[in-house]
């Protein structure tokens, strides 16, 4: 125990304070109007409206999945990001009277999905159009779920396939086979070993952190946008630390690395 | 069939071609030679460097779907550990890994090894340890709180290997992680190795599906992972080394030949697709 | 025994029917899909049941051993059933909020330590610009290792600048994000290429099952898996002909997809 | 009152739980009773979510049951799902009857069904990827733009490097593949890892403050 912090965690605690502080300060500045950060365009998220419009025009459903998302695993935050985008998509679908089918993977998020979609339909003023049957549970195991989604896509001839959340091997199964229904495909994940498949097989791909930023990006409210500005500060901090550490090590000074190891 | 259309071949013909290309070597093997990669070599050398009596954790964290890659890796390493007289504590953080771990132990240690004299002294099988990464963290902090009983319900207090020697991560000499996703090698790094003295105290070797290897490379370059068996090729290389060292059967020959033909065919698809694409673009046609 | 033979027939039929999906979504692949979903639901229920019981009930310090504090999480988990009530639907949020809170705490600590700090440490410590480093096995002299280290540092920094949200990608930042974009494309190309082997090996595993599995019962009666393949294939062909004879059931031809929209990002 | 119970209390619970875990990791010494308490707390996660499995099964059965009773689209296949659920439930309960404690693990009938029947479907669907990775490469690896060409070139080099036949053609290929994995791939993965970590932490912060739209978002 050093300064009351467990061994080997002092540096990470300091870094945590720095990252969280940067996030909160940027969020506060943007919320109180002292700063107006502008977000660059994320093509994948802009394409959601186009996809819903196409689904309405062709009278065919939109299929939406949040990968093997649950809340009891370490990648729960990707599921939350996927559910937030589901709220946005459901609101658009309600407004344009398009049918949105969502396939939850882990049973723990079924109530959350109903909650998010119902609120979206209420926001769009179409609360009576919300139908719980459009949330189809497929068993909660990786490949039966993937094959179930695949079958539904081809039977319904979906006009748009949206995949936002943690994916594993089923990413390519869904995005490659989904291509042949003629659908627009928008996919994003922060499981870095699967991003390559979405980049290759889908029309639009969200890469890693873009999935996390989607909720804030789509909400367009200054508070959330502020935190994205804060995340840029945190990245600059990481880059600065990296350059500093590399130069110091090259110069033979190990002070920074010793602090990291504290 | 104009030249341009070779960039638009119906996918079903490609599937039939792939089916044929992979089936041929399985029916009549071509016996292509295989180079030993240094990722696999490091796993073999680290295991060889352990002395008799060291404790190795064999963690079966995969399901039947990735069995073709993970099972030969795990069985080979188990055989190697037994040949070197290492003490093996096997377990599974995936429910679907438990029956597979049991099967591998029976193949290496004998049909009903749980009744043999060795059991509890030099080999223990805990079976499914629940809790995913939380279970790993608890197992690393204190093996008995993670699971009070072994795979068949006997309490750990009756097994000398668990009661006296293997009580927490400080006692692990090597963690062999047979992984195909989460929880897997990165959770072992974060929740066991990271909390108990880093790579020098708890070295990790990983046998993984080839897909997850590219994702763990930065943990390999940072030394957090010592060596990697990379999918089927890794299993074949390890079997090859064991075959030379201990006469272990080398079964992956036909599979690796089929691999090569599959790869060549996909390369041909890519080249074909691009030739067609460039020709149509140069003719000003719509791509 | 008989059910081993049944398992062999089941394995071959299911494998062929699933592969028939590659041609077209059809009644046989649909049947396998629906059966598999049904089993998966029970499988998931069983694994969650096991995990909960082995955590809360079995074992000395748990309910079985008299430690009744574990009844509290069990009661909290029953709040999930409010999912079915219209009026108290929102009460399901209580178990969810506890779990999300716990996972958030674990995630934040894990991310800072292993996914940021350890990565920065590794970039600095394992990549000396001079002197032998962990790059030895890439071969080449110390100079080559130095060049590799430099490429690594520049590549990882420029790739990180690609993720900047609130800065216009112009000027110095513009160059950096351009390089970063190529680094990421190389990363995805490598990740894609290195997985092709894994995917083919899975298909090889299935083909070896179809070609090599045998079943012999006590009377020495031998059944090879590949005896059964033609039977399954015939079923698929019969079904395909039957589908062709009932055109109206065929789903409408998908309208031509518009030209691949240029990514405006 | 209802907004407090519906939204603010769950948010408060999430916030408190998150803070407890962060404090435990950094400030509570490993082995101290307080630390063991938090380890137990993490142990409750599996227990708290346990009943969700039952809800999933009920939702599935209701969806297919209604489909059958209404003779909806593909209702014949809904009966297959219902039969599947019932048969596996019978096997699971029978497994508990003879084996005692566990439904899934170490009960002989269930693991037989899993290893002998279930595993075939699992492995076969997974192996579909061999076909999809080929058709996706054929369809998408095109020299469309400079970026797509980098993707194609590196992918093809990896293909040659990793296949045993590549090593035979020219021993340079495996070395190139190793270099591609160790330098550009590692560098890119490192940047993505750091980016995701920062994004995830700030997403958690936004969510704990109830600012993130969607689940427990500002509207309620």
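Odds and ends about this structure:
Read from first to last, the chains carry the letters A, B, C and D; within each, the first residue is number 1.
Operating definition for what follows: a contact is a pair of C-beta atoms (placed from the backbone, for glycine too) under 8 Å apart; a residue touches a chain by one contact, two chains touch by 3 or more.
These figures come from a predicted structure and were not determined experimentally.
When the partners of chain A are compared with those of chain B, the chains appearing in both lists are C, D.
With centres computed as the average of Cα coordinates, no chain lies farther from chain A than B. The interface with the greater count of contacting C-beta pairs, when B-D is set against C-D, is C-D. Put simply, the C-alpha centre of chain B and that of chain D have 19 angstrom between them.
Once the centre of each chain is set as its mean CA position, chain C and chain D turn out to be 6 Å apart.
Centroid to centroid, with C-alpha atoms defining each point, chain A and chain D lie 14 Å apart. Note on chain placement: the centre of chain B and the centre of chain C lie 16 Å apart, centres being C-alpha means.
Shared interface positions of chain B, i.e. residues touching 2 or more other chains, are given as 11, 15, 18, 22, 38, 65-68, 95, 128, 130-131, 133-134, 145, 194, 210-211, 213-215, 218, 221, 230, 233, 259, 262-263, 266.
Counting partner chains per residue, chain C shows two or more touched chains at residues 18, 21-22, 30, 32-33, 36-39, 41, 43-44, 47-48, 50-51, 54-55, 58, 80, 83, 90, 93, 96, 99-100, 103-104, 106-110, 112-113, 116, 119-123, 125, 137, 153, 156-157, 160, 163, 184-185, 187-192, 194-197, 199-200, 202-203, 205.
Residue positions 22, 25-26, 30, 42-43, 45-46, 49, 52-53, 55-57, 60, 74, 101, 104-105, 114, 118, 121-123, 125-126, 128-133, 135, 137, 139, 141, 151-152, 155-156, 159, 162-163, 178, 181-182, 185-186, 189-190, 192-196, 198, 200-201, 204, 207 of chain D each touch two or more of the other chains.
If you sketch which chains touch which, every chain touches every other chain without exception. By the touch rule above, chain D contacts chain B in their complex via residues 30-31, 39, 42-43, 45-46, 101, 104-106, 111, 114-115, 118-119, 122-123, 125-126, 130-131, 133-135, 137-139, 141-144, 152, 155-156, 159-160, 162-168, 171, 174, 178, 181-182, 185-186, 189-190, 193.
Remark: chain A residues 1, 4-6, 9, 13, 16, 19-20, 23-24, 27, 71-72, 77, 80-81, 83-88, 106-108, 110-112, 115-116, 119, 123, 133, 135-144, 146-147, 155, 169, 172-173, 175-177, 179, 190, 192, 195, 197, 199-201, 207-209, 211-213, 215-216, 218-219, 221, 223-224, 227-228, 230-231, 234-235, 238 touch chain D in the complex. Of all the residues in chain C, the ones that touch chain D in their complex are 3-4, 7, 10-11, 14-15, 18-19, 21-22, 27, 30-39, 41-56, 58, 70, 72-74, 76-78, 80-81, 83-84, 90, 93-109, 111-112, 115-116, 119-120, 122-123, 135, 137-139, 148, 151-153, 155-157, 159-160, 162-163, 180-197, 199-200, 202-203, 205-206, 209. Residues 22, 25-30, 45-46, 49, 52-53, 55-57, 59-60, 63, 66, 74, 121-122, 125-126, 128-129, 132-133, 135-137, 139-141, 151, 189, 192-196, 198-207, 211-215, 217-220 of chain D are the ones touching chain A in the complex. The part of chain B that touches chain C in the complex is made up of residues 12, 15, 18, 22-23, 26-27, 38, 65-69, 95, 128, 130-131, 133-134, 145, 147-149, 186, 189-191, 194, 209-211, 213-215, 218, 221-224, 230-233, 254-255, 258-259, 262-263, 266.
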